[in-house]
Amino acid sequence: MRVKYFDHIASNPLLPEVLEAMMPYFKEQYGNPMSMYDLGMNAKGAIDTAREQVAKLINAKPSEIIFTSSGAESNNFALKGMALARQDNGKHLIISKAEHHSVMNTARSLEKQGFVVTYVPVDEYGMVDPETVKKSITKETTVISIIHASSEVGTIEPIKEIAAIAMEHKICFHTDAVATAGNIPVDVKDLGVDALSMSAHQFYGPKGAAAMYLKTGQRILPLIYGGIQEGGRRAGTENVPAIAGMGKAAELADAELPKRMAHVRQLRDRLTEGILKIEKVHATGHPEHRLPGLASFVVEYIEGEGMLLLLLAKGIYAASGSACTSKALKASPVLISMGVPVSMAHGSIVFSLGIGNTQEDIDLCVEEFPQIVNRLRAMSPFAKEGWGAMPAEGDSKEGA
Amino acid sequence: MYSAKLMDHFTNPRNVGEITDADGMGMEGNPTCGDTMKLFIKVKDDVITDAKFQTFGCGAAIAVSSMITEMAKGKTLTEALAITKESVADELDGLPPQKMHCSNLGADALRKAIEDYRSKHVQG
Amino acid sequence: MRVKYFDHIASNPLLPEVLEAMMPYFKEQYGNPMSMYDLGMNAKGAIDTAREQVAKLINAKPSEIIFTSSGAESNNFALKGMALARQDNGKHLIISKAEHHSVMNTARSLEKQGFVVTYVPVDEYGMVDPETVKKSITKETTVISIIHASSEVGTIEPIKEIAAIAMEHKICFHTDAVATAGNIPVDVKDLGVDALSMSAHQFYGPKGAAAMYLKTGQRILPLIYGGIQEGGRRAGTENVPAIAGMGKAAELADAELPKRMAHVRQLRDRLTEGILKIEKVHATGHPEHRLPGLASFVVEYIEGEGMLLLLLAKGIYAASGSACTSKALKASPVLISMGVPVSMAHGSIVFSLGIGNTQEDIDLCVEEFPQIVNRLRAMSPFAKEGWGAMPAEGDSKEGA
Amino acid sequence: MYSAKLMDHFTNPRNVGEITDADGMGMEGNPTCGDTMKLFIKVKDDVITDAKFQTFGCGAAIAVSSMITEMAKGKTLTEALAITKESVADELDGLPPQKMHCSNLGADALRKAIEDYRSKHVQG
């Protein structure tokens, strides 16, 4: 059965051209990039090339790119590194309620170190209001970090406006662009950000390579101390093949972005239209300001995992923000912060499309999905009577 | 993640539905995750002659519901009350640990259905 | 020209079997290990297998292995994570003067956060005296970290003795085993350590995969916060192919360790014998307690980089701890702390052998090296008159 | 890292050695890194007729020594004094930045050799 992979937000397949760009560094070019002989200099050259390719994708200077091992590492590095480097100026941070765990939990760890964090809310579309950010600023605020686009509902935040407010107040601004960089245009100059996180496996590059953009002149403390790799800002022997692969993936994304976006947008709109024909199904996230490849819904009266399992039986790979399907057994905090009732958040289903998906894949999904919903609703005690029979809602700290 | 037997009970659940003239009904829910099960029984001469369920929840919750209705049918009420979370999980060839306590509501729903029946048929 | 690679301590070539074990995770098995469908569970399975393989290599339990991206990350994680988790008990740490940058500079960063660090000296062989460690212990000491073997001079430290002292004082003990794990027997139970760092590219595994062993029950704070990967102790999408490769490399190392050690030891002894025939050349590090594949020397009156360049012209890849050859332009701190004069440290040369090296490679090196030394000495102003004509020595903070 | 020209001057250095009856000798060293150069000159009619060097240091230091002795030969003392670190580096098709200030001692050693010659031949 053909795999219909609609979970690109979890991870992307690697492009064959990217793997090819990595292979020499698994084979002949095994030197340590710090070594002064050819084997080392060729490895170093691969990193330099990748740095240029990644910089070009986001309109940065190569010297502003620091390679890391994951989007989570970039987020930890940015938040802790910038906050700790500025702690003499103040210990107040601002993030949103729609952040990824790797920003959210880093902020929480800083709270334990005496920082104060304001978590700005999002509206029903998952959107942060720049005015609310502005009002949260105090004299102590040193860092603001707002996600570029949520990987759960796809809403693209007004980063440019928020970055302008931060700059006006001379506050360092970071955005988690893991879900956007390589998937929609990301221009650090235009956005006006001081730091930005991105991850290769989100744009058909390898797992194990990611980057942080840090604007020239911005101070940061390393997360990983040691040698002088990455200009002394991130120690450790470089993952040369993965970095080379990230560079190639960035180059390809840069060249093909409009084509890729048009492809997934068209498929997504077709999918959305089909799925919204089912009754008591609601689209989540912003209808326009959203990732072109991401379609997310809540389906009333049934639970996400059942949908995923029945979709899988048809070769369709999707995701859900329900508590039962998260390995942490928590319902999507983003859905909850958007005001979606916990009962409905259980019915979350997220399709994230990619360049390998076809119209036939989508049509199959649109054909099968209503039957899956009906089948599960036929078993649900709520389908006939509505949510009235629901037991009292808890705080969804644990899940099914 | 799930055993083949569990997947079979999820994909082809037995005894789905309501019994409109049920002799007993039990509803059990896990408020933090929302898994909710309604279990209906028909009883004759202290024996469960039929059982049906309606469940909102993950694959495990649905399979547990299917399995426990199968297990309950034909049992006396006393036998049925001896069914535990563990015995249901065993019959399904095991449950992932995190599903053990969240989705395994069958035994509780069954107990409530039997209690419901008994409360209505005290002198029955 | 056949490459005679004698710089395995910088990085190892990848074994073809290891690359093969990685390939499925670059191709079909691209799922995120957190995903509940087959693509994800297969990736998760690869990580679980690797965890068992790595655990077996060092006689740990699989649950005691935390995958990271580099030896440097493991060292940062261990030192900061253990020290910060225990800071209510005290803020004193002990490390040696022979530590790798990634331990040394992490300790320095902790000093800036109010920790006090004792740097215990090493003797002329680069050896730490367990008694000195014992005497440095205060009521405030919470963590001791001593390198297992120096990558610069090859000396293997008395870890078992030091770990016993730490345990006696209920102090957490970490060892940086990046240069040893996979190259000599490393048994965490026998050594009695609480935490240990290792890195795949040091035993023919890929760059980008490393691990930290953390004994069951030992508390640690994450370095990278976020999702629940690695049991919540290290967030970020897992580098599945590299982790799978590390597992395979560990399995192979475990099976072939005695054979590999015998091979490199025999070659090293042959090389050492040949090189010590040159006059005014001194072996560095401990003569017996040393890495089997590592031969290190100082050659008087000449400088390391010249030797490396002339060796390279013969296809021989080696390393030097001289200031001029280090990208940080610092002479090896280990040599200096062993009491080697800066002038002589300039003449450092390090050969680290591997399983691909042959007797012919060694014989060629033994034949060529004296000529290279003579050629450089013929240009040196010191060769005839000795070091007397040397300008005053600085602190070697900068270099040529 | 190094240009082909630099590598040529390192691998086949010109003018290695001492001039036992030198007219001038200059020694220059970088105390922090240890690079040390001895430069010998023969002078006739204010023109450098021969130059030789002995150098302890990295590849760049040796190539710089070789190059500057070549550059000096045939030049008048005044012309030779106009040779700078930068002009030596240029003649070698560039030096890596970190080598520029550490290993590029040639111009200083040459200046010292000329001063040495002049101090001995004040009225010469």
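Order of writing sets the labels: A, B, C and D. Residues in every chain begin at 1.
Simple rule for what comes next: a contact is a pair of C-beta atoms (placed from the backbone, for glycine too) under 8 Å apart; a residue touches a chain by one contact, two chains touch by 3 or more.
From a predicted model like this one, the values you see are computed outputs, not experimental measurements.
Subunit A and subunit D have centres, each the mean of its CA atoms, that are 58 Å apart.
Per-chain CA centroids place subunit B at a distance of 58 Å from subunit C. Between subunit B and subunit D the centroid-to-centroid distance comes to 93 Å (mean Cα coordinates, whole Å). Measuring from the averaged C-alpha position of subunit A to that of subunit B gives a distance of 40 Å.
Residue positions of subunit A touching 2 or more other chains: 36, 305, 325. Taken chain by chain, the contacts run in an open path, each chain touching the next and the two ends left apart. Every pair of chains meeting the touch criterion is listed here: A-B, A-C, C-D. By the touch rule above, subunit A contacts subunit B in their complex via residues 301-306, 309-310, 313, 322-325, 329, 342-343, 346, 378-382, 389-400. Of all residues in subunit D, only 7, 10-11, 13, 16, 27, 29-38, 53-62, 98-99, 102-103 touch subunit C in the complex they form. Within the complex formed with subunit A, the residues of subunit C that make contact are 3, 5, 7, 10-14, 19, 22, 26-27, 30-32, 34-40, 69-73, 75-76, 100-102, 105-106, 108-109, 199, 201, 206-209, 221-228, 235-242, 305, 308, 312, 317, 319, 325, 327-328.
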